[in-house]
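Every chain is named by a letter (A, B, C and D) in the order it is written, and numbering of its residues begins at 1.
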Amino acid sequence: MKVWVYEQPREVPAADFRDYLDPATTAVISIDMHRGHLEDSPDCPCPAPRARDVVEPINAFHREARTLGVPIVHVKSVLRAGGADDLAGIPAAWRRTFPLHVGPIPNAAAHAIEGSPWTEWVTEVLPQDLRVENKRRLSAFYPTDLDFLLRNQRITTVVFDGGFTDCCVLNSAFDANNLNYRVIVLRDLVRGTDDPLESAALSMVSLHLGLVMDSQDLLAGWKQGFEA
Amino acid sequence: MKVWVYEQPREVPAADFRDYLDPATTAVISIDMHRGHLEDSPDCPCPAPRARDVVEPINAFHREARTLGVPIVHVKSVLRAGGADDLAGIPAAWRRTFPLHVGPIPNAAAHAIEGSPWTEWVTEVLPQDLRVENKRRLSAFYPTDLDFLLRNQRITTVVFDGGFTDCCVLNSAFDANNLNYRVIVLRDLVRGTDDPLESAALSMVSLHLGLVMDSQDLLAGWKQGFEA
Amino acid sequence: MKVWVYEQPREVPAADFRDYLDPATTAVISIDMHRGHLEDSPDCPCPAPRARDVVEPINAFHREARTLGVPIVHVKSVLRAGGADDLAGIPAAWRRTFPLHVGPIPNAAAHAIEGSPWTEWVTEVLPQDLRVENKRRLSAFYPTDLDFLLRNQRITTVVFDGGFTDCCVLNSAFDANNLNYRVIVLRDLVRGTDDPLESAALSMVSLHLGLVMDSQDLLAGWKQGFEA
Amino acid sequence: MKVWVYEQPREVPAADFRDYLDPATTAVISIDMHRGHLEDSPDCPCPAPRARDVVEPINAFHREARTLGVPIVHVKSVLRAGGADDLAGIPAAWRRTFPLHVGPIPNAAAHAIEGSPWTEWVTEVLPQDLRVENKRRLSAFYPTDLDFLLRNQRITTVVFDGGFTDCCVLNSAFDANNLNYRVIVLRDLVRGTDDPLESAALSMVSLHLGLVMDSQDLLAGWKQGFEA
């Protein structure tokens, strides 16, 4: 079975990772594929332009996963209008730190505001999919009900795709690990701040948290079985 | 005020970060400075040898912080003898993934076992310090009472030092951020898997989570005020 | 200051409870005042008919609280259509236990379903109010973002009104207590399963968790100061 | 199968509660059976004298449960010496409210202090048992690692015995319910503040949270099967 360990492709025995590989107890967690990150516009409140490249590949992966009965959970940031959980409360740190690197973000105050177009999904969200729509900071797990939902569905493996490999995806992978989910991150379906941090985040996942795989290898294994 | 943003030293106005800089509402969180990571022996169950270099610098920083009334919270991994929360339950992921990079870890089963010498502190822990001794996986916050403790002490800023910049420190910084603490990571008092991942983890902190500082700059500011 | 201790009115010194009494750090948490509990119809999926009596008194209290700048947080149960977090997952215990006492509840499967009329508020919810709309079981705090929201607003005292004194209100008061909020339950603005359990739940609050007060006494104290 | 519903014995079909009755996925949670509650002395810092009557019956039940392979998890309150998580932080509410009912508690400041005799177990705790020793307020679940531990052991049913039926036991039963454990409270092995509140707490459990049973009925069923 091919996985990526610290930037290198590696063959590892699937037998060593059986608990990671059963689609019957797996959910796909797709993070923050919404217009607030992906819109190609100077008004985009929290730009993650590199993730635009994976919109269609994520859609294609989700379609295949659904045919195998794997639930898709779409998670996104939504903040209360009025700012009670962010700008009018204790503001998120990234609002001050990220601009130190990229410069001012003119429309950041509009990020994720409930009811605004910025919270609209860009990837396909089907009625049978599951949605978690109150991510407030970086993690998909806190303060949302994602863990509650996954436990109800007796999910034990989570497969991540989506935006900000070195931020929300990595944070969510840490949380999933601490909650004892088996963690897989799909190397070709996540995008980070830039190449170096994306690569480093994947390396961290591969050393500390779980498996880094290509989506086609995971799909092929789910369908045909994983080579021992 | 000097901070590090994506590997570069930068002068930023202290006035922009006033809520980060008050020692009266700050605690230092020192992570996993115990023999199980730091022992210079082939039996060391979870080696983090690079962090040996920061034992004395951390001690020196803690002594200064104590004189300013800043509490030190020492957090470490402790696992129940018998394995109920790890090897005899759902095993931690790193046990299978980290060896893919570094090769077999002969004594890994002994890691953090309650009552064993591997859980002994290497840094100075004084009676007035606070201790959190049931970290079970990577985060200092879950499933421990660290957040409960910090709220009781009305702490709003956390300063991290200690081991595995790209693992437990980064995970704890993510959690602290999501819980809305103001986060500072001390660049000279943390060590990671290797230089590149250590550097990348600090870059992630600096972009998404809070301030990366040198300990001497923080101490000097606490003592003499931060230059606007 | 009048409070109720184990069913008895008592005068206690306000000076002993100063940290409970500042409206500037207080929020009102109004629990489950929706049609799914309150509708006067045989279709009502989870009937709490006794709470109908407090709809208008709660509205009146909220109006006064708003004039004093105290935020109102309305919390309600909402379950995903399709049942992933309840009937099609691990079903809530009350579905099997409550009918042992009251007999079959014909429309229980419709309880709290997202998008259905059963989730509509019965009390007044104004645009400036705050809403938590993903309570999944009994507590207002888990797995919702209520604690996250209150911390962002630097709230330290919570005042409860609403439905099921001996169930969701009591559960939420326990949680608030464990999170170190100062807890007040308004005796005249909560209703339980029946008189004895309502009374017992208030006694438990008064012994273990915080203050049981009449809403008029709290309002009068907020306006005119509490007599020492 | 005999259960208690709102103070009345009732025969219910075991087939309706199969998910509650498998010892292979069950743990016993024994709460706060320590000298700080049970010591027969005027110095006892948080007296729960009625629970002295169940020390031996609890021991007997635990012995039988162990022979069936059911793990016993002993949970107790322990507070840091120095008071950082209680008296020198945000003090627990009961310190001010419980004395309104029972009068001053002279040695309350000594309650649960780490390293003191007041934290010693009174019931038998065997080496193979599991221990959770950082309960800080009322719940066995927060801010402890009890949920983490139970998930690691793939426990889905929790059986409660121990002290303060209407306080820590009830709170823990609420939490277990919200976390979707199947909940059983052993009517003969818990004791509350007094008869009425103990009875009311059991009624609340029976209506909202799970099954109230006699320990002998549960043991007999575990051994011989539950009558349909």
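Simple rule for what comes next: contacts are C-beta pairs under 8 Å (C-beta built on N, C-alpha and C of every residue); 3 or more make two chains touch, one makes a residue touch a chain.
Predicted model only: the values in this text are computed from it and were never measured.
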item: Winner on C-beta contact pairs when A-D is weighed against A-B; value: A-B
item: Interface residue identity across copies chain C, chain D - same or different by half; value: same
item: Per Cα centroids, the chain farthest from chain B; value: C
item: Gap in Å, rounded to a whole number, between the CA centres of chain D and chain B; value: 35
item: Centre-to-centre distance between chain D and chain A (centres being mean Cα positions), rounded to whole Å; value: 39
item: Interchain centroid distance [CA atoms averaged], chain A/chain B, Å; value: 25
item: Two or more partner chains touched - positions in chain A; value: 89-90, 136, 142-143, 148, 151-152, 179-180
item: Chain-level touch network, classified as line, ring, star, complete or other; value: complete
item: Interfacial residue positions of chain D with respect to chain C in the complex; value: 3, 5-6, 10, 12, 16-17, 89-90, 92-94, 96-98, 100-101, 136-139, 142-143, 166-167, 170-171, 174-175, 177-180, 182-183, 193, 196-197, 200-201, 203-204, 206-211
item: In the complex with chain D, residue positions of chain B that touch it; value: 71, 80, 82, 84-86, 89-90, 128, 130-131, 134, 136, 142-145, 147-149, 151-154
item: Residue numbers on chain B that touch chain C, as the complex places them; value: 148, 151-152, 179-180
